[in-house]
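In structure tokens below, several structures.
Okay, so subunit A shows up in both of these, paired with subunit B first and subunit C after.
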Partner chain A sequence: MSVSEKRLWAAWSRFLTGLVGAILIGFLVPILVVVAVSFQSKSYLSFPPNDFSLRWYQQFIGNDDYRSAILNSMMIGASAAALATVAGISTALAVVRAGAPGSAIVSALSIAPAVLPQIVLAIGLFPISVWLGLQGTLWAVILAHAVIGLPFPFITVCGALTSYSNRIEIASMTLGANAFQTFRLITFPMIRPAVIAGFIFAFAASLDELVLALFLSSPSTRTLPLLLWEQLNFQVTPEIAAAASVILAVTSLLILAATLLPRLDKDN
Partner chain B sequence: MKQRSFLLYLPVALLLTPFFLAPMAVIGTESFSGQHGIGAEYVKVVTDQGIRTVLYNTFYVAAMVTILSLLIGYPIAYVLARLRGRWATIGIFLIFLPFWASTVIRSFAWMILLGRKGPVNSILLGIGLIEDPIRFIDNGLGLMIAMTYIMVPFIVVPILNGLRAIDPNLPRAAAVLGANPWRQFLAVTLPLSMPNVAVGCTIVFVTSLGFFVTPSLLGGDLTVVSMLISEQANRLLDWPLASALAIIVLLLTIVIFALLRLSQLASRRRGKARSGVFA
Partner chain C sequence: MLQMVSRSATTAESRAAGGAAVSIHNLCKRYNNFEAVVPTSVEIASGDFFAIIGPSGSGKSTLLGMIAGYIDPSAGRIVVDGRDIVPEPIYRRNIGMVFQNYALFPHLSVAQNVAYPLKIRGVAKDEIAKRVRESLAMVRLEAFASRMPSELSGGQQQRIALARASIYQPSILLMDEPLGALDKNLRDEMQEEIKRFQQELGATVIYVTHDQQEAAFLADRIAIMRDGAMTQIGSPRSLYEQPKSRFVAEFLGEASIFPIKTASARQADQTCRITLEGGTEAVIRTGEDGGPGRFACIRPERITIGPKARGLANSFTGVVRESLYTPGSIRYRVELKDAGCLLKVRALPQHNTEVFETGSSVDIGWSVDDMTILAE
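Up next, the complex of A and B:
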């Protein structure tokens, strides 16, 4: 390769890296804009905001609709993620360790909710939720969100189980531990980081989900995305931006926890 | 152990049978239960001009978003794959940060950015590129921009994994044989990353087909199939038609993933046949 060719490639390489760096930083702009408009005092959205006020945050804090929606979202998210995690761990154990029959089909079904458009599930779940008398209760949304959360703990735990040999578990069984003792003392400590990560992903999926909540909830079980959605369709105010900024801050803390907790856990 | 391993399926069976498999069965039967006779809903889907336009819009938007995501996502994955250590971590962190913000909030962000008096129009007007504000939200352009923004991380991750799995000796061997960097990329790296490009494109395309939030907020007059299903069920109470549309979306999803799987199997077989020649 000639010297000029080399130089040209090096220049192109630098240009590409710079461009990608700019794109990645540009990806943050939409989020920063939401935060920026939340601090203005006018009642319509203007950008750039030319004053600073916490007016919309005060209104957000005093808004009972948001309070109950946040509470609903937290309860639904935690319960759905817990159900999804239990089902995910148990299925992963069956598929990876126990060599249960039909593992290919069960794996496909356990991952399917991640790619199936939510509107399809919503249309089918609505009549079932009515028949079972769940419609309008928190359980309707919890169970639906447990289904869409299932793929995350299933995938993370499968990954953790394949990353180490089952000889440790066989050794434990040989030494006289029963299946449950082996799970509690050997398997679970090994897969704990994956379980935590899977739980948090499932929780986040529930916090973000709108379509199922739209079909399955009542005004009293309204979730946070649903409330934001209704407000956006009604009138766009900086209060929505303030609510969104608070949610962004909380989710950022959640991600930080998701990335740091498994690491801390490993160190112990 | 083998006999009792069935018990481990119990939780997932209790969850998926009533709340995933039964719903699919329900929409299947519901779609044939219309007053106009068996299969009438499907005939309507195929013949009704309005529904055909909606299906066309859905495919058009999904295809455009897939192409745009690939064009933006591939260079990102390529650069990230070559980074090492701290910079690689920072890059991946940056790509995932917006990924975690809720879809409603990200769509809302683009409603602000692309509004008639929003920052994008102000900047374009300010530098004199346009004379009248662009109506992003009416013509589907804003929708595609926002959806691409949401979908890029989904395509970066599989391509990044593919590029990282390429044996660095292969482009090196090409270099020894006299290929310049462009040739190394076009003849070695790009073809080897194609299976993962296919995975990324499939995920983005299928997810885009089912998008509801962003098209409702930024689509303007443009209707996509999820909005139509929701409207038929919620406002018009035409559950048989809504179910028929849902079944079509479901089948499309299955067919697209089956095609991806088949192409993966075919390329693996080809790969085996090829390595057999050298063995």
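Up next, the complex of A and C:
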């Protein structure tokens, strides 16, 4: 490599570093602003904040609407993620291991909820939910969130299954284990890190979801993002920033867990 | 469920006495229009070491997969000790299998891997511990019980796979190119190990490989597969010395093979005179008709080179076209004078053996029993 080429590469790598830095800053700054704004005493969103107060957090904790919304979000998130994970594992096994006919289509359909506009899904799910008599119940949102959560466990488990040969499972069966024992003792322990990661991502996706909740929930099944949305339309106080910061903290912890837990699991 | 487990455990014990006889009847496998295995029948005696060799795509692994149970036959029966196992699911066949890439469970320790089949069969904990120790001792890896498979070398992993596939004393042990992923030296060592292991275990072994030397070293009988069919089955010696086809003669060892143009009538002493393409005439002893359209075949070590060749029934002069000294043997290619036939010759060097240089003129010959006739 000539000297001028080396210089070109150095300049290019500086440019890329700068670009990545700019993207990260563009991503982090609004988050930091929300957090900063939540720790002030003024009753409007003022930036930069010039004092420190937990006033809005106190109000947030004392607010029954928020409390029930958080509870709803947790229940919906956990149930939807569990459903999505079971469905994701089954679909991934069918696509990767069984090589069933039409597995390319099944695969595309399982990933689709992650890329299709959620508004389309919402418009379609609304009449179904009414028809099934689920409209306004927790189940309507749980099922809808299971659909949008499906791509995460599906993708992570597909990745785990393709990372080792099915010879391992065939070996287990020649050694006397039936399909169920083979799944329990061999397949599941090997894909467990992917299952955990997929579950957490599906949970986080449900926790952040607004559009489907907007269509499918009722005042009694209101989720946290939905409540924030309603509050924003009604009045903008730093209490919203406090609530948003809490969502942010929980989601960050989940993502941290999704990266760390599988690694810990693998070490054992 | 519990009953089922304990019953299969007792079947394992009762069969442990030795290997099972396997008899395969018209077993075949078709994929759409492709016949991976044509209807094949073969009898494998109890305790036999039976090797299946052939080029890749010849159907040998498909055949093994059907016996193991992870490939469904299109038709045919596999009878083990008088019972057709084709309808049985893979996990009830009680057959041990060793794979090329070991297929050890990466999340389980060596001891847990070896214990797995016993755990599945509901064997008591102390019994499992005892038998895992014995089994690891048999492959001389007792010290590695608590290691993970990824911490072992390829050869060690394959020994663990061997221990795991045999701890429940299956009456049949299948091996699919078990040494294929190992380097040459380790392969030789493992061959000895496998042979010893089989003798101790007494199981019937069906062993797939593409390495003819490995098969000849290990097996009592070898089947050579080509295009989904077993073209010839026999002991390593009979396959080498009496190949029936050009394919077998060339697949197993080296050979010089010539089309036969004409053949005389068979004489009283079972010999006949044949003319090879190029005009060379030879006298051979034959049980069959050495008619045109067939081939004459001679192994390189059956050809005598040097002055000793003069008195033989078939004696020629030739020119050395290639001369190569390799450890243990001297290899030549000799062209017969006025005929253009090129013969592969292998001589065993003694301390006073003359090495002929390329271009030199030599006597070359063989007796009536050294050439064989190939039917196709």
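Simple rule for what comes next: the second predicted complex is superposed on the first by the 245 of 268 C-alpha atoms of A that agree within 3 Å, B and C clash if a C-alpha of one lies under 4 Å from a C-alpha of the other, contacts with A are read in each partner's own complex, and residues count from 1 in each chain.
Heads up, the rule we're going with is that contacts are C-beta pairs under 8 Å (C-beta built on N, C-alpha and C of every residue); 3 or more make two chains touch, one makes a residue touch a chain.
The model shown is predicted, which means the values in this text are computed figures rather than measured ones.
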Subunit C versus subunit B, contacts on subunit A by residue: B
Touched partner set for A:11, first subunit B, second subunit C, both or neither: neither
Contacts of A:190 with subunit B and subunit C, given as first, second, both or neither: second
Which superposed partner A:71 touches (first subunit B, second subunit C, both, neither): neither
First (subunit B), second (subunit C), both or neither touched by A:256: neither
First, second, both or neither for A:181, with subunit B first and subunit C second: second
Complex interface listing, subunit A residues touching subunit B: 1, 5, 9, 16-17, 19-21, 23-25, 27-31, 33-34, 37, 45-48, 83-84, 86-88, 90-91, 93-94, 98-101, 106, 109-110, 112-113, 115-128, 132, 143-144, 146-147, 150, 179, 204, 207-208, 210-211, 214-215, 225, 228-229, 232-233, 236, 240-241, 244, 247-248, 251-252, 254-255
Subunit A contact footprint on subunit C (complex, rising order): 8, 68-70, 89-97, 99, 101, 103-107, 116-117, 120-121, 164-165, 168, 174
Residues of subunit B defined as touching subunit A within the complex: 1-2, 4-6, 8-12, 14-16, 18-27, 30, 72, 75-76, 78-80, 91, 94-98, 100-106, 108-113, 115, 117-119, 122, 149, 152, 175, 180-182, 203, 206-207, 209-210, 212-213, 216-217, 226, 229-230, 233-234, 239, 242-243, 246, 249-250, 253, 257
Interface residues, subunit A side, partner subunit C - complex: 164-165, 167-168, 170-178, 181, 185-186, 189-190
